[in-house]
Amino acid sequence: MAWVIDLLSWVLLSVGGIFILIGGVGVVRLPEFYTRMHAASLTDSMGTILILIGIMLQAGASLATIKLIAILVFMLLTGPTATYALANAALMSGMKPNKLALAEDSASAGKED
Amino acid sequence: MIASHWPALQVALPLLVAPMVMLLRGATLPWLAALVTSFMAFAIAISMASTVLEGEVIVYAVGSWPAPVGIELRIDELSALLLLIVTGASSTTLLAARNSLTAELEPERHMLFYAAWLLALSGMLGILVAGDAFNIFVFMEIASLASYVLISAGSDRRALPSVFKYLIMGTIGATFYLIGVGLIYMMTGTLNLADMESRLAEVEELKPIMVAAGFITVGLALKAALFPLHAWLPNCYTYAPHIATAFLAACSTKIALYVLLRFDFVVFQGNLIGHDVQFSGFLMPLALIAILVASGVALFETNLKRLLAYSSIAQLGYIWLGASFVSKAGLTASVVHMFNHALAKGTLFIAVACLGLRFASLTLQDLKGAARFMPWTMAAFVLAGMSLVGVPGTAGFISKWYLISAALEQGYQGVVVIAVILISSLMAVAYLWRVVEAAYFGEALTSSSSTTAEKMSEAPPLMLAVVWVAALANVYFGLDSTVPLALSEQAATALMEHLR
Amino acid sequence: MEWLGLYNYWVFAVVLMMGFYTVIAKGNLIKKLLGLSIFQSAVFLLYITMDKVDGGTAPIIQEGVSDQIFSNPLPQVLILTAIVVGISTTALGLAIVVRIKETYDSIEEHEIQAKDNHR
Amino acid sequence: MIVLFGVFLLTLLVITAIAIIRTPDLFVAVMLTGIFSLLMASIFFILDAADVALTEAAVGAGISTVLFLSALALTEQKERSIRPGRWLAVPVVVAGALIVYATFDKPRLGDPDAPVHQHVAPWYLEKTPELIDIPNVVTAILGSFRGYDTLGEVFVVLTAAIGVMLLLGTRHRKAASPVQPASSSDGLRHHLIPRVLGRLLIPFIVLFGLYVQFHGEYGPGGGFQAGALVAAAVILYALLEGEGPALTVVPLSAITAMMAGGAVLYVLVGLAGIVLGGNFLDYSVLQIDPVAGQHLGILLIELGVGVTVCGCMLSIFHAFAARDNR
């Protein structure tokens, strides 16, 4: 039985890692601010959730798991809020999500870093 | 009973009062609190100095934890003398501070200034009583940050870039010191200075230790404004509030110098082969150049405070020079000059603070005819100036005399050194004469200052009394210098004992 | 693997040099302060590197476990203090920069100097 | 494995540092400094320094970033002069070369025979359970064995706060604020989601701060981190609701009293040692049982540290924020 949990936790950890990798690639490759932020929020939500659950399975029923659950709850609360606040701030400062920017090649968008 | 706790109380007392001062209101109460505290610290320093003069080194274990584990406070002759200098200078300048500061800073910020003053004081005292390398760093930072605060209170806008530069250079210096301490700790496993000395003797691989010696020397030289690392000093002294300049000029650079002497002689001299030769080979040329160049710059300087600041760099050169002989006579001269220079430069800057009350601009041009309005202030200035030059009968003469006799021991090199000392003394006469000439023989400018000329009068009685007490102290210690000399000689002997 | 044991020290040296260079070579006052904090962080790394013991854990003694190896707690204490000192210096430096900006309307070193010389 | 991880983080650290130095955009540089600190904290954690990692994360990535950002808001965001003084690299290279030279005699990372691990360190680890009897040896050294250093640390923070108050003068603020009530003094009132969520989080942050404060003897943490956390909660409130409401919750007079009170408490605990017949900062005499006395002493001084640090952080933040309104 133990190996099932172990396997499950490793699967979760790996998938989480892949999500973070994809998010990272997305931040670099996507053409414009809002789409990039979408990619970045992916690492925040999917990546961390899966990894935290994976670690929880490793830790078993202990104090560490309770702490991890607390971390997970706070991540779930703050991550989307931060993304929202960032998008909102961008919108307020006059940055419009437009198709023109999307059509531009990613090379010119890459300079904005 | 309580006397055994003096080392801790010396630092704890100003530390305790400083946050309380912050809560006081108005211009008078914070000043009074700071003044009383400073005088109490002075009394403690005198009491400890008398103990140390009897040949006893005071050792105090903070928290009752014994030395290498806990932090040890250690007051020997050198620290006792510097404690006297710092508390004495602080008390004297604080007496004059109220009148001077009211003209420069709005009253609702006075309590912050005095709180910072007390923190600077306790930081310096903390360095002087510490026997632990890391503890020195912590209190060095208190003293430095508080000094930045004091300087930044200056009314001229140029105080800000100056103090920023000081902050950057001071932090680099402190961080270098921290690197050095880290390297030594890495090789010895201890932070206590005395313990470091004994444990270093067993260390075989000395590369990190030599690098540590380099970092500590450069870092502290930066803090002590040794030429060519003095760039921060002139502007800071020029644009700080006058009274803060008087306090800092008398104390702050000497503290860094003290740490260097302590560290170098206690930890390195006995353990690194050939370190004494490197030490003097590195410092002596720099000291000589500092003396000549800084005096030369002072000759052409037009702002009185900046002129005195450059003179400070030159005078610090004498202190370094004495130390660079690595001999008992040289160290005695060096240490006694710390005392005498603090006395002379403190007096000069208090006199400048008096002038600053009546003159908006302190360029020599604007000070023309100052002696006519303020004869007493200028007379005290001249007296202190004579001490700075080293006229017989003043305190400055004693240290010059010891310095020259120490140079004579050096043989061939000594001749060059003596020549430099004599030339720079003449230069000091020349640059001080320019001030005297402007103040006594210059015609007051008719255009702008004539309207204010009617309001021109002597400085307030309290400040005048302070400046004269300080000036007469210059004469007193010129005639009877038993106490500083005895402490200096004992301190030099104690330092030289660490050489193998 | 001998060199791997020294890798921490080399990174310390490199980061230290970069911070030091930023402090003395850059003209922007905020950049200087950023460099200063990098410079100080490098020293923290030096101290913390030396506290590590092979197979050690954080120096928190647990009941019932006897044969644990602990890393050296003393450098950690020193660096806790040093971090606080660093942030205090930064705060004060930033306050000075804000005042400089208000009085000189610039945070570039050479512009400030030029404005003073001009006067 | 862990070594590989360390090497990876260290290399990333160097890359981040290069990016900080090279970018002309100060905003980007400040953000990267936050990342730099976070990396540094991870490295500290790998090197078994849990307390230091916690502090570096709270200070470097938290407080320092906030301070830099508030300074940027008051100054400029772009670095204009790019004057690489190339000859200035000489002392830098000399310093670096010296350090690399020194490394060749340095003990290897993790070497248990290194002199650092021989002299006083084993003593601390051995004697702490007996003399002070708290699990976290770092707290024991910080609070008691080297409590005098910590006293100095508190006063360094206090000095910086006094300096910021003197320079930026928090007291004139009220006269200036009604002129421009618009932008930042309003906080994020019109943003519903962050506001609701922020208000939800603030009690938890304060709770966590108190946990770190009083749990410091058993796990990583202590007064400094706790003070920073509680201050962060109040700062978050100020960001959400605006300066005014934050100042009604914790008024300036209370902040000043906190700054002074904590520091005075620390010194008074030290002096109590003298009064009760021990040395300065000797907690053993505070109670009949020396170990209980140590517990009480460490608790009190950690409280002093926490209160002062919280007060200082808040006063520094308000000093910067008040400038914004001018």
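Here are a few things to note about the model shown:
Residue numbering begins at 1 within each chain, and the chains themselves are lettered A, B, C and D in the order written.
The rule is short, and it goes like this: contacts are C-beta pairs under 8 Å (C-beta built on N, C-alpha and C of every residue); 3 or more make two chains touch, one makes a residue touch a chain.
Being a predicted model, the structure only gives us computed values, none of them experimental.
No other pair of chains has as many C-beta pairs in contact as C-D. Between the CA-based centres of chain B and chain D the separation comes to 31 Å, rounded to the whole angstrom. One inter-chain figure worth recording: chain C and chain D are separated by 13 Å, centre to centre, where each centre is the mean of the chain's CA atoms. Here the spacing of chain A and chain B, counted between their Cα centres, is 57 Å. Each chain gets a centre from the mean of its Cα atoms; for chain A and chain D, those two points are 28 Å apart. None of the residues of chain A touches two or more other chains.
Touching of two or more other chains is recorded for residues 16, 20, 50, 74-75, 78, 81, 85, 88-89, 92, 96-97, 99, 109 of chain C.
Chain D has residues 95, 99, 106-107, 114, 116-117, 120-121, 124, 146, 149, 152-153, 156, 159-160, 163, 167 in contact with two or more other chains.
Here the touching chains pair up as A-D, B-C, B-D, C-D. Across the complex, chain C is touched by residues 134, 137-138, 141, 145, 148-149, 152, 157-158, 160-161, 163-164, 167-168, 171-172, 175, 178-179, 182, 185-186, 191 of chain B. Residues 74, 77-78, 81, 84-85, 88 of chain A are the ones touching chain D in the complex. On the side of chain D, the complex with chain C involves touching residues 3, 6-7, 10-11, 13-14, 17-18, 20-21, 26, 29-30, 33, 36-37, 40, 43-44, 47-52, 55-56, 59-60, 63-64, 67-68, 70-72, 74-76, 79-81, 83-86, 88-89, 91-93, 95-96, 99-100, 103, 106-112, 114, 116-117, 120-121, 124-125, 128-129, 135-138, 141-142, 146, 149-150, 152-153, 156-157, 159-161, 163-164, 167-168, 218-220, 224, 309, 316, 319-320, 323. Looking at the complex, you find that chain C touches chain D at residues 2, 4-22, 24-28, 30-31, 33-35, 37-38, 41, 44-45, 48-54, 56-63, 69-81, 83-92, 94-99, 101-102, 107-111. Contact residues of chain D toward chain A in the complex are 188, 191, 193-194, 197, 200-201, 204.
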